[in-house]
Amino acid sequence: MREKVFRDPVHNFIHVNDPLILELIDTREFQRLRRIKQLGVANTVFHTAEHSRFSHSLGVYEVARQIANHLERFPSQKLGDGGWKVAERQVLLAAALLHDLGHGPYSHTFESIFKTDHEKFTQDIILSKNTEVHQVLAKFDEQLPEKVASVIAKTYPNKQVVALISSQIDADRMDYLLRDAYYSGATYGTFDLARIIHLMRPVEDGIAFEQKGMATVEDYIVSRYQMYEQVYFHPVARGIEVILTHLLKRSIELFQEQKQQHLKIEHFVTPDLKPLFEYNVSIEQYLDLDDASILENINLWRHSSDKVLAELSMRFLDRKPLKSIEIRPETRQYLAKLRPLIEDAGFNIKYYTAENDSFDTAYDLYHPTAKHAKTQIEMLQPDGSLAELSTQSPLVQALTGRSYGNARYFFPAEMLMEQTTGDLMAPVYQEFQRYVHNGALTEIENEILD
Amino acid sequence: MREKVFRDPVHNFIHVNDPLILELIDTREFQRLRRIKQLGVANTVFHTAEHSRFSHSLGVYEVARQIANHLERFPSQKLGDGGWKVAERQVLLAAALLHDLGHGPYSHTFESIFKTDHEKFTQDIILSKNTEVHQVLAKFDEQLPEKVASVIAKTYPNKQVVALISSQIDADRMDYLLRDAYYSGATYGTFDLARIIHLMRPVEDGIAFEQKGMATVEDYIVSRYQMYEQVYFHPVARGIEVILTHLLKRSIELFQEQKQQHLKIEHFVTPDLKPLFEYNVSIEQYLDLDDASILENINLWRHSSDKVLAELSMRFLDRKPLKSIEIRPETRQYLAKLRPLIEDAGFNIKYYTAENDSFDTAYDLYHPTAKHAKTQIEMLQPDGSLAELSTQSPLVQALTGRSYGNARYFFPAEMLMEQTTGDLMAPVYQEFQRYVHNGALTEIENEILD
Amino acid sequence: MREKVFRDPVHNFIHVNDPLILELIDTREFQRLRRIKQLGVANTVFHTAEHSRFSHSLGVYEVARQIANHLERFPSQKLGDGGWKVAERQVLLAAALLHDLGHGPYSHTFESIFKTDHEKFTQDIILSKNTEVHQVLAKFDEQLPEKVASVIAKTYPNKQVVALISSQIDADRMDYLLRDAYYSGATYGTFDLARIIHLMRPVEDGIAFEQKGMATVEDYIVSRYQMYEQVYFHPVARGIEVILTHLLKRSIELFQEQKQQHLKIEHFVTPDLKPLFEYNVSIEQYLDLDDASILENINLWRHSSDKVLAELSMRFLDRKPLKSIEIRPETRQYLAKLRPLIEDAGFNIKYYTAENDSFDTAYDLYHPTAKHAKTQIEMLQPDGSLAELSTQSPLVQALTGRSYGNARYFFPAEMLMEQTTGDLMAPVYQEFQRYVHNGALTEIENEILD
Amino acid sequence: MREKVFRDPVHNFIHVNDPLILELIDTREFQRLRRIKQLGVANTVFHTAEHSRFSHSLGVYEVARQIANHLERFPSQKLGDGGWKVAERQVLLAAALLHDLGHGPYSHTFESIFKTDHEKFTQDIILSKNTEVHQVLAKFDEQLPEKVASVIAKTYPNKQVVALISSQIDADRMDYLLRDAYYSGATYGTFDLARIIHLMRPVEDGIAFEQKGMATVEDYIVSRYQMYEQVYFHPVARGIEVILTHLLKRSIELFQEQKQQHLKIEHFVTPDLKPLFEYNVSIEQYLDLDDASILENINLWRHSSDKVLAELSMRFLDRKPLKSIEIRPETRQYLAKLRPLIEDAGFNIKYYTAENDSFDTAYDLYHPTAKHAKTQIEMLQPDGSLAELSTQSPLVQALTGRSYGNARYFFPAEMLMEQTTGDLMAPVYQEFQRYVHNGALTEIENEILD
């Protein structure tokens, strides 16, 4: 029996001896995930959050494997009894391992700029006959590619398998919370994984949790809440993400200008990015991309003759995030006063400011949007009935339906500079700071300043 | 008082409020370290070891800060009393933060291929008037660049400061052991940092440790031993490193061929690598390089028209390490038999095999070579005398002078393939496997195989 | 400088070098705390929660020491500026160390039975001229006993010192939450102590926390909530506590009967318990008591000629807790049906049943009762104003004012026995189980059972 | 399926669902272990090491359960193939749970004073028809008591089962090292339990470990070495143990004097200790004893009219350990000088001094004595052969055969008092300190002192 042992600080050891999984790990497409960071630019704030989608994917497999072992204690005996079907093990483990296969570099920024969809790519990679992943899956079972892709698409008939890959407590979320906490050092993100798995019971429409484990489930929900508040929506990381978005937008504009002018553009971007810039990328071309593809171009753009592109690249590489303030309905009116001041100070507001509306869903992977129906968490009562979690816990109730994040307005940090005597811009900055004070958008009466 | 708080899982929080350190962190040269992995290719074996030199450097600063706070309890009262000079604090902290500034991407491989020296670059960056780091240091104290550079060069007059940055138990090693253990998941690497610091005493020629803390020092030495044996010299990571070395060598050969033929070479490598390939790189050019500079080129070389370069790039990206066996004096003779067989199987031995002699010092950063005199660890006795560590501990004595690593011969994994009937190469593989059996270099008599 | 190092898994190392604290630790009265468990009978449910009040007290000292070091960064410059007065350090540390000095064995049960008050005893021991603790304090400063006792009594003029010993986030609670979590294995109880201390700011009426640390304070509050729900109010531990209470009551009754009958009672209890049984215990006699004083008597009572005392002692020693159900206003009516059934089954309801009203305050140490005004937690805003915690956090708001625990009715586990054919008591048990079903007090209609 | 979940910080959760184990845990004899500390008096030095033999025993069961699950992957197919016999599971688990059943309070001191043998008592309790443990075992399988007792006696025919309970790496040692480390805070004691279990392979004569896991086994051996050096043989704990030994000896002498004089002795010791003092204790009487039985008597003896007993009891309760120095062959001669000086200072050397020869085996449970043959640790090579551990590891070789502990001479701390002018004893102390200096036994020339 061939076995491969991965040391993993989150799960201690990951022992793989399923031949299918071993071969999937060795495919080109899966190995690519080593070169894509799990949390994109979050390492500019949590400097140790450098972990890859590879380690996360392996972790999701491990969580799924532990869950499968546990569920085998509650096997289905006859049709419709809600038991676990042991034959689903392989589909579950493969889907767990492969669920992030279609992610691009700096995933959410990348998708919004280049109009790609990582869930679609994941399915396409699995279904495309040319990929190693497809070939390995099909070698083990011809129907496996179709089955695994449909789990990712949430159309697979077995709802338990779907719930274990995509629901409010699934193998994906459980690994990423623990892993992001471990690597960022955000101690809030920990919860008792072994206990949660022990509490799982297969039920007809998915997976429920034994009522006696309420405290453990509460702890998971609180951890998730705190990771969103503290890590995933951190305003400074969003201030870097705005820069990344704007510099990519600027590079697309320049690319298209050059194209229209029939200039040679090969010097402008490395060849692997071209299909992206032409909005026409094949699966094979997509699989050539990793974090280095983007990052090395930014390295080169630092020396671009286009001042905006060069300056934004420098800000991204040297970590000069935009500053931001929260916009509330009652303070939104002041934005109109800010924009001309920023232009007066010499910044093109198109590239140097942003409202964060586009970033609300920046970490959508982690937070199902309202458009998609969420599966509730159900607690299994001693008498066999189910009760929705928030009806059982005042703690969870307090957090239910709370929308994470906030609307923010981003602008150059220079606008908050202390006024130096003799600085020509001093009066502009001073006026700006009448509206942005103590980290909030507000208006300070003139007389106070005088 | 401005303060910046870094969450760091190894030290929990790193609180920086020294204005000099705050400004140094914000320099372009220090921010570059975010984009260079601490352990190079080790993440191909320890898949979570993705941490950067930035986080390590910050960690060394934090260890140095804790040490400085501790040593201030033992201040020098008069010349030559062996006490700690409080005025050295700033030099110590700056040197701790900046000690790795000159590292290039994939440091050790890079240096051996491109003939660079990271310690030299560290000093040059600090001393060059054009760098932000230099300007910040000089702004605080004109002599600071010179002082900090001389600590790195080990020529600084205060031996305590030098010992805290470069010795067998210094701030650098203590952070990297803990950090590499945390990120690789290798539990062996842990030891009691707070206790070791508490045991430190300034003495005339450096830093000693109180005898009563022997067990803690032993634990550190054993941790270090195990990290070398288990992580730093892992044969599979070396099997990837050989591929990286050979593909870079091949790319230099191709670069020089094209140059001699006066071909346009701009398409071949991205512009930032050219100075390297011409062995003529300025400080400014050097500071443009990071892991992505190398990695993106390998991404592009995957599609090179040169078969060897393309194939090695694929092996590197898709993680197909060379296999290896230990060479002992008595088995070295068999290598002569192996080489022609590898060529018969269609591999150019120049690119597909290696002896590891060049890798003995691959992690030289972590293991002072014989050429450099090592500072002994001294234990402070109750009567004030010093005793060298290994004279006090049978455990340490057992490990003293033991050379880490071993000589290995690397070759393509294909040579170990099971023989498939009808495979033309089967007899070659079979002959090879007479010499490489059960992971060892040996000779199996023909009759046994028959 | 004499220093003593205590290894402590909660705080890693506790370094004591203050001569006053060193001498206080060595006193007879403080050493007695080694022999009193922190959590009384909780180890019957959390089998590893065996830690002593000694280790907790040392831990509170350590937390206070870390706080004092932190607060010294914000010294008072002039009267009424809200700064920390460095001269209070010694009073703070001594009060932290000694705050639990007056605890008896199995504290809360003990107090309700023997009519003692541990806070009163703590103050008396400190103020009594005959104790070693008093003598050590007075040796260092004649006014110290009075000052330290008044901190315990919450009458000390410096409100910051009082808040650090007795408030919603004080050194006492912070140590016991971490310690009880560590020793019980209840992972919920952890929070980031170093961070909380870092957030502390002295203000005129006590101690506030910087607003930016909201997540850390939230985490502490959630931890506390979960420790109460999961550990401190665990119904099975209360089922053991009821037994302890009843067996002590029974022993007092027997003691008094024998006394009235002028029987020799020296054989009945060990001499150290006699003053307690006579409700007339001096400080010196009180200090002779520890957990073993109670436990060894129960060991002996197992062989008592009084059947009730012997049987309850056996239940206590062999861990046979009473079972319990929650009483809600609408189900309280059924209790009247249960009591006669329990008597029919042969149990004296005086000794074998209880309502838990007396246990609501069983862990009062951990939960300030309504009678005492609680100090709010105040968050320090960027502009220097204070805002009460729950106004800033929806999570805390959800938990504010929630009363912990519940009213429970305790009865012998035998009443829930499955009915064995031929058992004379079977119909009684069956009738009882009509009212106690699935862990709840309810009434099941006859027809359902039939 | 009834299941009981124990939270345990060392193993996270211990899930018990084997009906035999569930019933064994509920027996009177097993519950008694809750009231006996695992490490006796060690908590006087490691103040948090308060854990019980109950939690250790449960932990050994859990380790054995994990091992049994692992070994079931290597089942015996035919006689003599060295595979694991699945049918041995129940014997293994029961023996693991019950292996410490016969321990008395303060085990090793107790045994040497009262001439008992805990291994013998363990077997007797299992075999005696009157114990609950026996009855539960026999109910499940009539032969089980005999089988389990023979595992404890190491005479059970299946050598694998015996090795898992008593060998150099067995379930007992693995739990106690981890547990003692967790509760004492001695971080040295940790090693990777899950990995060690994963490396286990059943072989004909016991259990071997896969060669590839050498580093993990090394780590275990080093942990064990450090726990002995740092925790189990700590000289201060031995200084308390000497006091306990001497006070128990003194109490036996007084007991026998009173008996010879036909005095009423019931007041002198609590009734449960009498059989011990008469060296005639039945199983049932033995099972009445726990730590409180000894401790409460010492509480009472503090007020004894016998000065020596009262004074030693005070020293024990108030933690006044004897001091000690190491005796080496070349310094043993000075002991003859010390004894009369100690007598001159007013101490009876019979009760106030000791050589530690009797303590060499104080933690014999943890360290098989030379008399008993030790099972070697065997490493399973890739070719199926076995190699003894120390031949494979220079680290282990360095520790092999090293005898732990040392010979020490114990004496009252008063002898090291600084000389106060006017103290009558000053010259005696001064003379003593000529021989005991800087923690070592030596002789200082008169002229130096003068």
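Going in written order, the chains are labelled A, B, C and D, and every chain counts its residues from 1.
Just so it is clear, contacts are C-beta pairs under 8 Å (C-beta built on N, C-alpha and C of every residue); 3 or more make two chains touch, one makes a residue touch a chain.
Because the structure is a prediction, the values reported are computed rather than measured.
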A-C compared against C-D, more contacting pairs: C-D
Farthest-lying chain, centroid of Cα atoms versus that of chain B: C
Between chain C and chain B, distance of the C-alpha-averaged centres to the nearest whole Å: 53
Gap in Å, rounded to a whole number, between the CA centres of chain C and chain A: 45
Geometric centre distance via CA averages, chain D-chain C, whole Å: 31
Set of chain D residues in contact with two or more other chains: 12, 192
Residues of chain C defined as touching chain A within the complex: 187-188, 190, 192, 215, 218-219, 222, 225-226, 229-230, 382-383, 394-395, 397-399, 402, 438-439
Touching residues (chain side chain A, partner chain B) in the complex: 6-10, 12, 26, 28, 31-32, 34-35, 37, 43-44, 46-48, 50-52, 54-55, 58, 182-186, 266-267, 270-272, 288, 290-293, 295-297, 299-300, 302, 314, 317-319
Contact footprint of chain C on chain B as seen in their complex: 12-13, 15, 192, 194-195, 198
